[in-house]
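Look at the two complexes coming up: chain A is in both, with chain B in one and chain C in the other.
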Partner chain A sequence: MARTATPVTGRLAWPIVAGAVLALAVLVLPLLALVVRAPWADLPALLASSAVLEALALSFGTAILATAICLVLGIPLAALVARAESWATLPRRLLRAAVTVPLVLPPVVGGIALLTLLGRRGVIGEWLDRVFGVTIPFTTGAVVIAQVFVALPFLVFAVEGALRSSDRRTELAAATLGASRWQVFRHVTLPIVAPGVAAGGVLCFTRALGEFGATITFAGSLPGTTRTLPIASYLAMQTDPDEAVALALLLLAVSVVVLLTLRDRWLPGATA
Partner chain B sequence: MIGGVGMTDAARTRPGLDVDVSLSYGPTRIAAAFAVRPGHPLAIIGPNGAGKSSLLAAVAGLVPLDAGTVSIGDRRVEALPPERRRIGVVFQDYVLFPHLTVRDNVAFAARMRGPRAAARAAAEPWLERYDLIALADRLPSELSGGQRQRAALARALAAEPDVLLLDEPMSALDVEIRGDMRAELATHVREFGGATVLVTHSPADAAMLADQVLVLERGMVTQRGTLDELRAAPATPYVRRMLAASEA
Partner chain C sequence: MPRASRPRGAAALAAAALALTLTGCAPTADQPGGSTSPSEPTGAAATGELGEADLTVLAAASLTEAFDALAGQFEQANPGVEVTVSYGGSGALATQVLEGAPADVFASAAEPPMQQVVDAGLVSAPEAFATNTLELVVPAGNPAGVTGLANLADPDLRIALCDPSVPCGAASVELLANEDVTGAPDTLESDVKAVLAKVSLGEVDAALVYRTDVLAGGDAVDGIEVPAAAGVVNRYPIAALTESPAPGAAAAFVAFVTGDAGRETLAAYGFGAP
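And now, the complex of A and B:
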């Protein structure tokens, strides 16, 4: 379709401009301060310390595992949420609420909830401990579970959006060509929503990487086991602010790289 | 005139289609019964919203029936899922798989039954027959309307269906090329030779592509016969207007 000409919008009123500049300052100034105050000369040494490398490896390892779990669990859930559009109002809203809650919940509450469920005296945790001798809290596994809890909705909503905007008739066409339901999903639905899956996966990974509240509550801060980069950064603030800034800068750099990866290709509304 | 799509050798061995169904389409209840012999295509014609496409989708198993039967030869298929009916569908605006090349679109049915290499090999003769070899590595988004139609037809027929359904096959094409594409489609439908049903609101499509016409208005069959029979005694004001408009 031919593009219509851009209409003349006129100039914005000054209170709008002032508000926008202020809002931008709120968003950008703290990050700018981080860059300005970073101990650039000592940065290589700070980031190469064994404590930092340990936290870095733990963070990346757990975030990658959490993202993989989110992909395996989140894609089917996204398919269900997308299909729930044809359900009755109440179950549809309950399903959507269940997926949304971790997004709006303070992460600490998530951590407490996980402890209540999986802690040694938790609803399931007590049984796991008694029958299998398995204790989850304050282990690397707990870090991954906390990350999955907070990051899963990002993946689900990204994939659900892609599913809803895809042409469902391609699935019908595949069925008339002999594809079973699983084959339709595997050969048609999934490849068509792949950009949504990739975008969701990247968002999920960054959310997992930055996870703090649920992790510290449910998994604690054991060096090498549960002390991820954000937790190490927070703790360093008490003892070595330079190290804290260096770690914060590292997390910021990862976020920027992710943003650049997503830009144009997958973020809705972005243009090349 | 009637297109006179001739009987081929294939047609003699292919089963016919017998449909007697009712289904709901929003507030409209659709009820229709018809039989289609192989090599003698039927055009379902009617105004927008008459339920033509829903009826076709129900035959293919893509929307549920309220009641009724769909038989292909002596095989009852109304309880089967679409993937087991052996009914090929060419959708309105074709609905090619956007992430697959023309080759892999045409190879899709074979791919569902076996490995990729074998499926691609099986697709080759279909690509040749439908003049798609030069386009085989393109994505659907890189094709013209006419090319898409050919690819969609090749994809449906490469699955070797017993029955072919065409939903408004001309509506996504530019008006200027419809005449040529209609003639080309008629040739391919004749070559297929099996039971074929086409949905259209154009008497020109019906004239070129079908032997028989069934008129559907508000979900009900209001007339059936050849186009000449419809012309001789139009049963409803819609049929009269439609035929008059097509002759204007």
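And now, the complex of A and C:
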């Protein structure tokens, strides 16, 4: 007991230190290069261009909407995944796999999958087009759908982790005192897992903001409608690398600011 | 006890991943070995006069089918030479060259991206090897009943164009301006093959691509010739990179593409003579 409680001190073995330093370099050097190479003098002009502002507004608008949808859909799914702990092995694993797959899938594959489902000749899209005259690809709605697809798992796992580590006795007490299941969830469970929900929401937002592969595949790229910051940055790389670096820097800054606003306890790993 | 073994396992995993990364990098780093072999006399009967060389060719997306064929023919004529072609938007490829991508030959779909590379002193004397013009393309059967360029102004139709930052997009802008059509695109794609894919999938009603792409699209698409397109001609330049580790093989590939055999293959894929 006493031994496990003692914090581990002293030096790490040198291979560990060497590996850690190398790993850190892999993570940090590219971003550092971005900062060094940035066209600082022209930055204000580059970032104030109407094309950049348009992409920025579109990115923020769609990412906020996608996060809101993820919250509405993801919290119930997280509750289900947490409850699934008591299920039989097969359905439990299937449910978990369904939530995990978008997380590990290359986003382009997600975009192709969305196109086969919702495209004009897609499984559902063909019917939507015929019956309602609605086509989804190449609309801002398609951008949001692509973002929800890739970002939802982040929210689900953050909330599910918080739910599983929460103390169930408070909920039991509320139920004993006559609260309905919905009341228990709304007034007891949700406040308890609020930090997990906030962490999940922030991760969800940054993932949505950075979404590229599924968006360009499923939603295309039209300024003001579907051309988000990452896509604008990718296209700028073809003609004006300075602008591409400026846009990349902007995305990096947003991500860093978002992460800094997170308390340590909200970071993944700390919640689980 | 199991607690002690877990970190060790994780460290081993990390070390394995690191080793993988390092060995993964090594072959590319050592590649300049190919630079000496072309000049070296080779005794192997299976190797041609160019010796062993790995050529990396960066080519415009619209060249995909033609250059796949040309690369195969060149490899057959020069045993020991392996050609790898990387396709993309010409502008993106030019950026890759400027950023020092290890390549031997660059083939662009228009002059501006090549000029960027020339200005940076990375190639000398590019040579025109083909021309291409635009054509309207629709999904097979033309479900939206598209008849001409004027349909591209219809906001009710789903329309894809190349982004103006890539050669096919610049040509599209010029063609539409010449004909006084204000295009109503729903998406501006980063290369011509992405536009073609949207048409083959039936996701858009009409698009402008090169006539060679209409041929490459096969049964999935129909082409509608646009007479005015003859007034907007893309000239494709090709050049060997000065920093190519295999200058002999790179020059030979350029000569092959610009020569009679190359021109014949390019013509078969719908490209015009320069």
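Assume the second predicted complex is superposed on the first by the 256 of 272 C-alpha atoms of A that agree within 3 Å, B and C clash if a C-alpha of one lies under 4 Å from a C-alpha of the other, contacts with A are read in each partner's own complex, and residues count from 1 in each chain.
Keep in mind that, in the parts below, a residue touches a chain if its C-beta (ideal position, glycine included) is under 8 Å from a C-beta of that chain, and two chains touch if they have at least 3 such contacts.
Keep in mind that this is a model prediction, so the values were computed, not measured.
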Assess the superposed three-chain arrangement around chain A: do chain B and chain C clash, or do they fit? fit
Check the contacts made with chain A and report whether chain B or chain C touches more of its residues. C
For A:Thr261, select first, second, both or neither according to whether it touches chain B, chain C, the two together, or no partner. neither
Just to be sure I read the superposition right, which of the two partners does A:Thr100 touch: chain B = first, chain C = second, or both, or neither? neither
State whether A:Pro241 touches chain B only (first), chain C only (second), both chains, or neither. second
After superposition on the shared chain, which partner residues are touched by A:His187: those of chain B (first), chain C (second), both, or neither? first
Between chain B (first) and chain C (second), which does A:Leu172 come into contact with in this model arrangement: first, second, both, or neither? first
Quick one: angle from chain B through chain A to chain C, Cα centres, nearest 10°? 160
Does the superposition put A:Ser49 against chain B (first), chain C (second), both, or neither? neither
Lowest C-alpha to C-alpha distance for chain C against chain B (Å): 28
Name, in rising order, each residue of chain B that touches chain A in their complex. 57, 60-62, 81-85, 87-89, 91, 95-100, 108-109, 111-113, 155-156, 159
Chain B touches which residues of chain A in the complex? 167, 169-170, 172-180, 183, 187-188, 191-192, 194
Spell out the residues on chain C that touch chain A in their complex, using ranges where they run on. 11, 14-15, 18, 89, 91-92, 94-95, 98-99, 158, 160, 163, 165-166, 185-190, 198, 201-204
In the complex, the residues of chain A that touch chain C are 15-16, 19, 22-23, 115, 119-121, 135, 137-138, 216, 219-223, 225-227, 234-235, 237-239, 241
